[in-house]
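I've put the structures underneath this note.
Both of the next two complexes hold chain A, though its partner changes from chain B to chain C.
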Partner chain A sequence: MDTYLLKKTDLPRWVELIQKSNDVFAPSRVQGEVFFSPISFPPDLDLLTGTATLPYLPPKDFVFPQAEELFSFSQQGEEVKLEVPKISGRGTVLLGIRSCDITGIGWMDKFYQENFKDFYYTRRRENLTFISIACNQPVKNCFCVCCEGGPFLDPEHDEFDIQLVDLKENYLVESKSEKGKKLIALAPELFLKSAPSVKEIRDQLEEKSRQSFLTEPTSYMSFAIRRITENSVPPEVWTELGERCFDDGGCTFVCPCCSCFGVGYLSEGGKGCHYRFWDSCDYSGFTREVSGHNPRGEKGERFKRRFYHKLSYQYIKRDGRIGCVGCGRCITACPGEVGMPAVVERIRNSKAQRNYQSGKPEESLG
Partner chain B sequence: MFVRTNGEEALGVLPLISHPVSQGRLCHRGWNRFQNLRSLNRINRPLLRDGNQAKEVGWEEAFQKIKEKLSGILSSYGPQAIGIIGSPWLTNEDNYLTSLFAQHVLTTDNVDGTYRFGGASALSALERTFSGALGSLGSIPSLNESPAILLLGHESFRDFSPVGSRIVQAFLKGSKVILAEPCSRRAEHFYAHQLTESLAGLSFALQEKGAIPDGVWDSLSQAGMGLVFVADQVSPASNLNSLLSVLLQRLPAHNKALNLLTLSRSPNLRGAWDMGIKPGKQGLNLQEMLDADSKIKGLLVFADDVLAHLPSSAMIEKLKKLEFLLVADRFVTKTSQIAHCVLPIPLLAESDGTMTNCEGRVQMLRPALPKRGESRSLLEVLGDIAGRLGKALAYRSGLEVRGAMSAQIPLYQKISSASELDGILLPSSKLNGAASAAIQKPKISEGKFVLVIPNTLNAWNRNQMILESPVLNIEYPSDRLGIRMNPQDARDLKLRMGEKVKIKSERGEAHAPIDLDNTVPSMTLVLPSHFIDVVEGVAGNGDVDPETKSLFYPNLYVSVEKI
Partner chain C sequence: MENIYLPNFARIKNIQTETYDTKTFEVEFVDPTVRETFRFKSGQFLEVSVPGVGESPFGVASNPNRPESFSFTVRAVGSLTRALHKLTVGDTLGVRGPFGNNFPFEEVKGKNILFVAGGIGLCPLRSLIEPMIDARTAFGDFQILYGARTPADMVYKDRLEEWEKMPDIRFVRTVDVGDANWTGNVGVITTIFPKANIVVENTVCFVCGPPIMIRFVILELLGLGFAPENIISTLERYMKCGVGKCGHCAIGQKYVCFDGPVFSYKEMTKLPEKVV
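Let's look at the complex of A and B:
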């Protein structure tokens, strides 16, 4: 990994050079809401500081859009023509993405690329480079510190392209991947050598950030992981949590790690297209079979399944981490007030139904 | 909410975190709202029908035909032979124009909406309790401050998540949430009490000592209590008047504040009602327009699938036999398929204008997508038809219409500047003195089943928005005919799922299969009202609400026999 210093005043110049061969997106305000939008000049540096500012829509939309055409079809006489839509060959650079979202993209990469390379995902992902900003200051709903999702990316263990650390006048630039190095090579004169003492300041900032998370919503994730893995959460707790779920799917749509999709088609007069769209395990139709039978017809069952996928050891072993990065978007999205931290807390407060290890029923693990 | 697009088609939807109602939350219809905007089942060009054949024509030819037909009816039968149907799927501006078109161009008093059969009774009852025209009756953002909330029907909580969200928050703060639900005995943890009465019997039960659990009255006697219900389920109006009367009597004399939310499955019920989509003084309502003996010869329907929302087969027959049926709509619907002339108009996402939500908040819509096909705004369509009939609708833009609305409708005075995303709340409604209504003891018939016929004319799986969306189509599958029954009752009668039974009331009988549902209380049957043939068999011609002159089906006592 290479480290440099970049003056904040030089950032616009660097972005200008990047823009020559890439579309650059950064957080910006549209009618008071924060979105990843094409970067404006001068860039809104307020949204590129160490204070966590998360667009509500996660960056998974850049690699896995909410609606994406897979192919179009048309028929003329006997001939049927199929066409896969083309995408722009220009690169895309996302500036100002946060550590939790980089971790979320890592999770999506595993799902869409590890065993089978999804064509649509991969062609977008290959064009994408991230310049993330470490969070010196978490905000209200942040709990990434409980999920190894942030607040800083660890250069030794985490995969990333470029991480910026806000040092007030300057950014500390940590460049790890080849894609990141290429962006730095566009303007090497802007990147100054960083003194070894800067590393100390960086580590202090990280530690200070870790200390400044609010008591709520930080959560006892390991406790919930254990309970869910050993299936000792009483069924009535899942029923209760399910009763609070509105089946709206909002939590899955704004979750940087949720990757499920459905496929629909549009057709008229011999022409049309197939497209995929975000689907949600909240929905009763997600598992309903053609016969009408639904193995997870009850909401509590669907709720349990969702959190089993997010937190059980079976998936941690396979995917290398839990399916939550602690961004806190589900807290905002959930009308029933059962986002991840509330669920973890409810599980912690429940008595274990049984303990597989001891075989004793109704024994509290708390 | 924002509709995310690539400039041509919708790619997604995102709620606004800063909006006081949504606060970043939507129901699953909201999150998937972009899907129907991509539908290809659109009306793209004007259509004229001759017999069973429909052909696409240009706007000029369509306007000529409309002029010819309307002039013919006007000269042969007079203006009162024409009816106009506005819609809760139109903006306030379009509904206001529709109302002006009826009054000043066609000079007919026959104006109404399909909410005659699902919403009109609730709004009429509220107008009686409050001082005439309805302003803001409640507030969604402050529902979580209510010390107690009475919900009429499980769906009042479940189907409208911005409201449901505030109910959960109220519960977490210690508010008592009370559910009155006759069709489901599902006990959810946030309900402090579950009453089994329907609206028809609730007022009586609330007055009768011992009929309701201890504690309900104490909770409901607190100022600021919430009352939440779905407007479709209120019939007749007197049932709601009775309940309001009982509740208001119990509230403290110095503070009769109620947080009242009238929910609807259509986006602009309140707006359409406020804009005058209801009969004029001598006018006929939709039921009267479609009466077998009605003198209506021509019907102009704007943005509503009337055929799907009629509660009786006689009305459906009458609609099919009209001399002239004009439909201006976005999607191909059952009604557009029988219309003599069909005109394409833009979707709400392709239009600008205002809409009024259930708390009386007037909000601005901005076009997110370009108009599809050859669609034209209702402003253009009505202006053109008016011109051809030798009259004028002198508005060139939605802004001008909004100006006229704010000048003519006192409650909407401030909306000409409703440009903020949050919208503007209408002034609060005032109580019209002491509301009172006669409360009758419900009839009880021992040993018989209670047949509940909930109003499902506007059920989600009959809603065009759902039908045009692949994922929502899966979420709301079309229901098969079945009378829902408690499995234990079925066992007692030696019935199996899907087996046909004869249900017999004092009014008639019908045969239908049963559908087992363990949420249905014992000795209760539930028959969705849109299965019109079966409903008419057992309930005859239904009852007519004297206040709104609209048909509804009351609960009936029935016997059940295995065939």
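Let's look at the complex of A and C:
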């Protein structure tokens, strides 16, 4: 890994150079709410500090858009022609993304590129480079520290390109991947040698950040993982949590690790398209079959499903980590106050109960 | 990079009307390369689409030993299936796949085979019955029990008559409700179990049909002494992508489209949700 110092006042110059061959997005204020938007000049530097800034929506739509055309079709004589939409060949750079959101994209990378490479996901992902900012100071709903989602991104992380650490006047710049090195090579004169002592300051900042998380919403994830894996959460707890769910799908849309999609079909005058769009396991229609039969018609069952996917050991084994990065967006989005930490806490306060029909779960914790 | 979401077009060679609401489509790929290289295994399914209307999974209903053209059976219940029913011979439709795991074949050689099918549950089983008939001597006792609501609800009627005449197949059928011409068994499928002389020892049973039928058949089979791992069925779930990504068909950590649709009863009991 290479480390440098970058003067904060030099950041806009660097961004301008990056923009020549890339579209640069950064957290920006849009009518009072923060979103990843095309970077403005001068950039909102106060959103690019060590204090955690989490746009309302995670950056997953850069790789998995809320709606995306799979192909269009047109009737040409006897034949039907299919066409896959092209995407821009320019790179996309996310500046000011936080460790939790990169961890979320890492989760998506694994999921959408296991067994086969998802065409639509992979072509967007290949164009994407991160310039993340380590969080010296978590904010109200942050609990990444419970989910290995932050507050600093471990340079061993596969998705690590460039990480900035806020040192007041300067950023400490950590660069690892080839993609990251290319961005630094655009303006090598801006990247100053960092003294070895800076490493110590960086580690102190990380430790201080870890210690400044609030007791709520930080959560005993391991406890919930065990209970869900064993299927020993009493069914009435799922029913009770399900009753607090508004079926709005908000938690799934703001979750950096929610990857489910539906497919829609449009047709008019022999032309049209098939497209995929974010879907939600919160919705009762998610599993409803054409016969009307619905294996997860009960809210509690859907709730159980969502958390089984996020926290069971069976999925941890499959996906390499839990399906939560601790960004806290579900806390913000949920009108029923059953975001991840509240659910984990409710499970912790419940008595274990064995629920299997017969035999033991396929994968035990051992 | 391969795009698994793009269908290939297949042309309809033949349409067989099975019942008042069910048709079987025999199709072959338009692209000669795809047609010649296409292979599938018993129990796998296809994602069949009509551009702009929809796409749904259908189990292949034909013999995998003859992959150059293949068939699937469609009951008209929703917008896609109704659109498929409007197609005629020579029309094209989109096909992706084959997807999913498959029924054991080599693994069950030397064993007795029992099929229990209800209604259009016979369709995916047919993709296994036919190659087993091709290799009939590789298996022991071979019995098919088939039940439908009424005689009119039976699929593959011509083929059923042939099975009935084959000397080395024990084929029994029943209907829930008969009609004026029906002289055979009347009663739900489990009512023919006592008189069917089912061989339990060294037998693998394949069960497909509506969920309620599967539940009662499995109870009956367990009562007869079948081990859970020797009862093999398929699960059905609403699904979109067919390749384990859209999330709709997930049960526990299994994706019905990718890890299934074939599961033994033993595997089903280990899922964290009740499925049968």
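Following the convention adopted for this analysis, the second predicted complex is superposed on the first by the 348 of 366 C-alpha atoms of A that agree within 3 Å, B and C clash if a C-alpha of one lies under 4 Å from a C-alpha of the other, contacts with A are read in each partner's own complex, and residues count from 1 in each chain.
Note that in this section a residue touches a chain if its C-beta (ideal position, glycine included) is under 8 Å from a C-beta of that chain, and two chains touch if they have at least 3 such contacts.
In this text the structure is predicted, and so the values were computed from the model without any measurement.
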Should the pairing of chain B and chain C on chain A count as a clash or a fit in the superposition? fit
With the two complexes superposed on chain A, say which partner A:L192 touches: chain B (first), chain C (second), both, or neither. neither
If you stack the two complexes on chain A, which partner ends up touching A:L266: first (chain B), second (chain C), both, or neither? both
Just checking: does A:T122 make contact with chain B only, chain C only, both, or neither of them? Give me first, second, both or neither. second
Decide which partner touches more residues of chain A, taking chain B and chain C as the two options. C
Report for A:Y112: first if it touches chain B alone, second if chain C alone, otherwise both or neither. second
State whether A:C281 touches chain B only (first), chain C only (second), both chains, or neither. second
Once chain A of both complexes is superposed, is A:I87 in touch with chain B (first), chain C (second), both, or neither? neither
One more residue to check, A:S312. First (chain B), second (chain C), both or neither? second
Distance of closest approach, chain C and chain B, by C-alpha atoms in Å: 10
Overlap of chain C and chain B interfaces on chain A (superposed complexes): 262, 265-268, 272, 279, 288
Complex interface listing, chain B residues touching chain A: 2, 4, 10-18, 23-28, 30-32, 34-35, 38-41, 158, 161-162, 164-165, 168-169, 172, 188-190, 421, 470-471, 474-475, 477
Residues of chain A touching chain B in the complex: 30-33, 56-57, 61, 65-67, 240, 243-244, 246-250, 253, 262, 264-268, 272, 275, 277-280, 282-285, 288, 332-337
Spell out the residues on chain A that touch chain C in their complex, using ranges where they run on. 70-71, 73, 80, 82, 84, 111-112, 115-120, 122-123, 231, 259-263, 265-268, 271-274, 276, 279, 281, 286-291, 293, 295-296, 301, 304-305, 308-309, 312, 314-315, 317-318, 355-363
Footprint of chain A on chain C - complex, ascending: 1-7, 9, 49, 51-55, 77-78, 81, 92, 211, 236-238, 240-241, 243-248, 250-253, 258, 269-270, 272-275
